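Consider the two complexes below, in which subunit A is the common component and subunit B and subunit C are the respective partners.
Presenting the complex of A and B:
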């Protein structure tokens, strides 16, 4: 009996993202109608660019990989109540450090690949370390400091790529580093999928970052739910005061979780740098760090939930390109819809939580 | 040094500080009422567009300003409804609005000006005085008004009360929600004023360039006090003016000069800590007892 009741509440909690998504979709259709597209056209354009064939569908999953890593990075920190808004800067720095290891370390492939991954993680953790230390020693709120560090990171990589690390003249006029050695480049896994009968076309990037993402997801799960440190992380996230009384060293946990979050964040740019471009530039896709905040939230800060919300976000991104291509609705509408969806989801979540609380009270009475 | 360059620097600095200062004033009202606002950047992304649009449509910068204020209030209401009525996490709501705001500017521009990244030129402007947008001078009286409202009126006292101790304020019959809605909406108004100084001649995608976040740092540096926040905004603004006017004459790479305001913000925060205290209930949703 109790079991069934638990499941009922659980189901209601899962309802919020679905309802939020649907509400955002309705707004999207209304706006596109105002602009002069029929709802049918809009939906057709979205579906055509996202799920109409294997190539499109695989692209959604490809786009979801960095988004998953971003959501995971934010989620881990958030579990301890740490708001890592600095994922943005951390992946720009992490990607650069990883790329440097890929450019300047002549290593055999089996060693080189893990080395660049670890280097990217180290770079991300390093960039997270400064706001982390400022938080635990000086009490500076991480939301403010990481926003500043994002801007500093962008200017820094811009300087480095234009200046000391420039590979300009070598192959391009666009500011970029030298090419990454072939031993460190990420190959594609498409033939694996083809081998098991999934028709993933060769132009889609399902590359080694997929393996990295899976490993990170598993490690994060083990960390959060199987290790003592993970328990401490969740305890600190629930109540700092109670954790103090329980003898948990809150500041150590906050520092640790900030560094882990930064390390995961360092991996976000790897797909673009190591699989797609083969060199580093400050013009790699930006904004993924902010997407990660929403992805973590919608995925309820769980590694498994983040998988689904990352795919949802990838779907939305691709849907935007579909609208751009097949209708008169500009791609920018997706930003509006994404923002609205987040607001809808968190509000519906709150309403559901209140409703559940009221129900529980009634049942207890 | 040439005297005219110094004068030029002083006036230019006021104009460049203006948007940061207005946004910081908005942040003061918002946070004094107990709501953390990291969506200032998003508010400004919208108002910088609507002031250009409104001015062109109504052929008057004053109407443009009104449109900017109204749209600033509308978008601030999203934050207010989410964080006050539904007690949703304030940082998350702010991030969502920032994401949304980028899209709003680009979407409207595409539909109105047929260009996604910039508007057409707006010829209806405030008169130029001493070589700068004259609306920048409004900062001085408006700062004084903000101080007066916050510290010398019943409204200001109530606003501060709900930011410090909403339970006690509620017990005394103050409408906590109303006060917090006012605080958030005032930050929307201020972002409308910020747009009037930033660059009402044209909207360009991304023109706010992080000023909303710098404004937040200025507010903290100014210890949640309107005059302090404006002085801190002037510090950031004049640092930026120095960069713009002398960038080519400084023998260090421009990217390091661009980092200056952010590094300055970090240093300022490091130097400040322990001395500044946020309103006690800042960031905490208020849940009325049953």
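Presenting the complex of A and C:
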């Protein structure tokens, strides 16, 4: 009896992002009409580029993988009230450290693959460690320090790839590292999907990072909801005062969560580096770390929620290309829509949360 | 009825899920103190918020001097002669008393402040109401009792005829309470009406002319002071007979559990907040710390429950120095703590009641297996036991803590700390903001802890609480224990004098 009622609350919570999405869609259609497109055209363009065939659909999922990792990295830190805005820098450094392990460590494939993954995580954690230590020892707010460390990271990889780690002359004129050894390269999983009857074309990247992402998602869930440390992470994120009072070592939790967040962040660039390019360059896609903040927000900082919000963001990214290609609506409209959607979802979430709280109070009274 | 100052008739106010006021009628005559009593959440505050224009009633009418009126906001209320002294003062600390009083109602000529007229007016008000203060002193330097006086002057300056006092005595020493009641009497003589909200039934009987009891949003009864007794009022408030007298069994005190030696600590402003506090608490003993708030009690509790920077001194638990121990180590060693500010420190509100009832022990078996895995079945099982043992009202143990009523949240905190089987229980203002029913529960829990051989350090600003529970009493004043008394030799008057540092006066 009680169970059913709690499920009702759950359903209302899940409905909030859907409503936000629909509201943003309405605004999108209004804007496109102002620009001079018919709503039908717009919707057709979006659908054509996202879900019209297996290739498009698989691409959405491919794009969603790094977005998921980014959202997850931010969400874990958010759970402890730590604002890791430095995911951006952490994946540039993590990717570089992973790539170095892939280039310079001659190892058999079965060992080399986990080693590069762990190296990337170590790199991300290392880059998160400095702001983390500054925060817990000197009280320097992580928002400030991580933003600065993003810029430092970009400058650093730029220097390293152009200088000491340059593989130029070897095979390319573009600034890049040497090629990653074949034992460390990420293969595609497309044939697995084809084997179970899903027609995923070969040019789409559904590669080993999908496995990495799934493992990370499961680990994050177990950490947050099954382990004592995760309980303390959530407690600290709810109230530092209560946590301190209850004997939770708040600073240890903050340090730990910062490192874990950085480690997950280190994986974001792996798809592009190990599956698509096969070498490292500072020109890998940037901005994914910032997308992660919005993805975590819409996913309510839950590992499961982040799956859906990452797919939603991937869908929007692809939709933006569709609009640009097939309509006169500029791609940048998608950024506006994304922003609006976040605002709508946050507002609707808040309304629903308050409503549920009032209902629960009534039930308890 | 034409000279009735205020009549509120048929006031109904519904919040989502709660009927806060249900057809409430309340009136106030000139020259009357009308006490409004009821448990937390009974609807007193809502009713007064409606009167002060902070809430809109769903139905009902307010009559001022016989005229139906509507009060849309506090500005309206003030303009119509209604003033309110809140529990939390609304003063600007760096401003002088004079500036605070005139703030918002300044007299000026072409933008230049003129203070002579207001000063004269305020001086007259001070004389007529027995509220002397030095107008040139800045509010930041004032003790709490005098700050309240400034609040009263503020509303009188604005011409209030109806004065609402929301638990005004909570922050006052016994002497200051007497002064306040004297002021009440002088205001009565001028024909003003006073609404007096309080939990303390002694005060109701001391000063009120009529008493209105509210329970669950309804007026239960309005009775004249004549013939009213504490037991009668308490029964009306709770809805069943209440045990007001605390029954204390004799307990042989055991070994010393907590020893505090010569604690000295310098506060943020460079003044000593702890100036050599020393005390010891034995097993099976309740040691009560009395004193006006802000005399070092909070810092003392902190030094016992968490690591702090001290200039000097030591804290020993069973003979072992615990100064360098963090909160977890201290809790593991058997120190439980009912915090003073339970809103802020007590509960993880979005978390389930079960999680909250094990918080602080959540890191140890049986609640974790293999040092890291949470055993939620055990947590829920333990919570169910605690809920039953302490009679916490909740739909289930998985209900989030924010869904519980305030009283049950308080109960949950006490229940958690007691269920830890501590050796030392630090209880800081354990019944602040707690209604009579819950107060009874907390008292019985503290006494049971004492009977079970636990050491209890009880810090309370409520003298009656200290006198009913403590075996020994330390009165804190300006960062040290100015006087330690055995329960047998302690009286309200004695403690009251020491609370204000009146050592010399008390000597003879």
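One rule holds for everything that comes next: the second predicted complex is superposed on the first by the 356 of 365 C-alpha atoms of A that agree within 3 Å, B and C clash if a C-alpha of one lies under 4 Å from a C-alpha of the other, contacts with A are read in each partner's own complex, and residues count from 1 in each chain.
Just so it is clear, contacts are C-beta pairs under 8 Å (C-beta built on N, C-alpha and C of every residue); 3 or more make two chains touch, one makes a residue touch a chain.
Treat the numbers as computed from the prediction; the structure is a model and nothing was measured.
Asker: With both complexes overlaid on chain A, does A:231 touch subunit B (first), subunit C (second), both or neither?
Answerer: A:231 contacts subunit C only, not subunit B.
Asker: Looking at A:346, would you say it contacts subunit B, subunit C, both, or neither? Reply first, second, both or neither.
Answerer: first
Asker: Touching A:247, do we find subunit B (first), subunit C (second), both, or neither?
Answerer: second
Asker: Please work out whether A:145 is in contact with subunit B alone, subunit C alone, both, or neither, and reply first, second, both or neither.
Answerer: The first partner, subunit B, only.
Asker: Decide which partner touches more residues of subunit A, taking subunit B and subunit C as the two options.
Answerer: On the superposition, B touches more of the residues of subunit A.
Asker: Hey, which residues of subunit B end up touching subunit A in the complex?
Answerer: 36, 38, 78, 81-82, 86-89, 91-93, 95-104, 106-107, 110-111, 116, 210, 213, 216-217, 220, 253, 255-256, 258-259, 262-263, 265-266, 269-270, 273-274
Asker: Which residues of subunit A touch subunit B once you look at their complex with the stated criterion?
Answerer: Per the touch definition, subunit A meets subunit B at residues 35, 83, 85, 134, 138-140, 143-145, 147-149, 151-152, 155-156, 158-159, 162-163, 290-291, 293-294, 297, 330, 332-340, 342-343, 346-347, 349-351.
Asker: Where on subunit C does subunit A make contact in their complex?
Answerer: 16-18, 306, 326-328, 330-332, 337, 339, 344-351, 355, 359-360, 362-363, 368, 371-374, 393-396, 398-400, 402-405, 408
Asker: Using the touch definition up top, name the residues of subunit A that touch subunit C in the complex.
Answerer: Result: residues 2, 6, 226-232, 234-235, 238-239, 241-249, 357-365 of subunit A touch subunit C.
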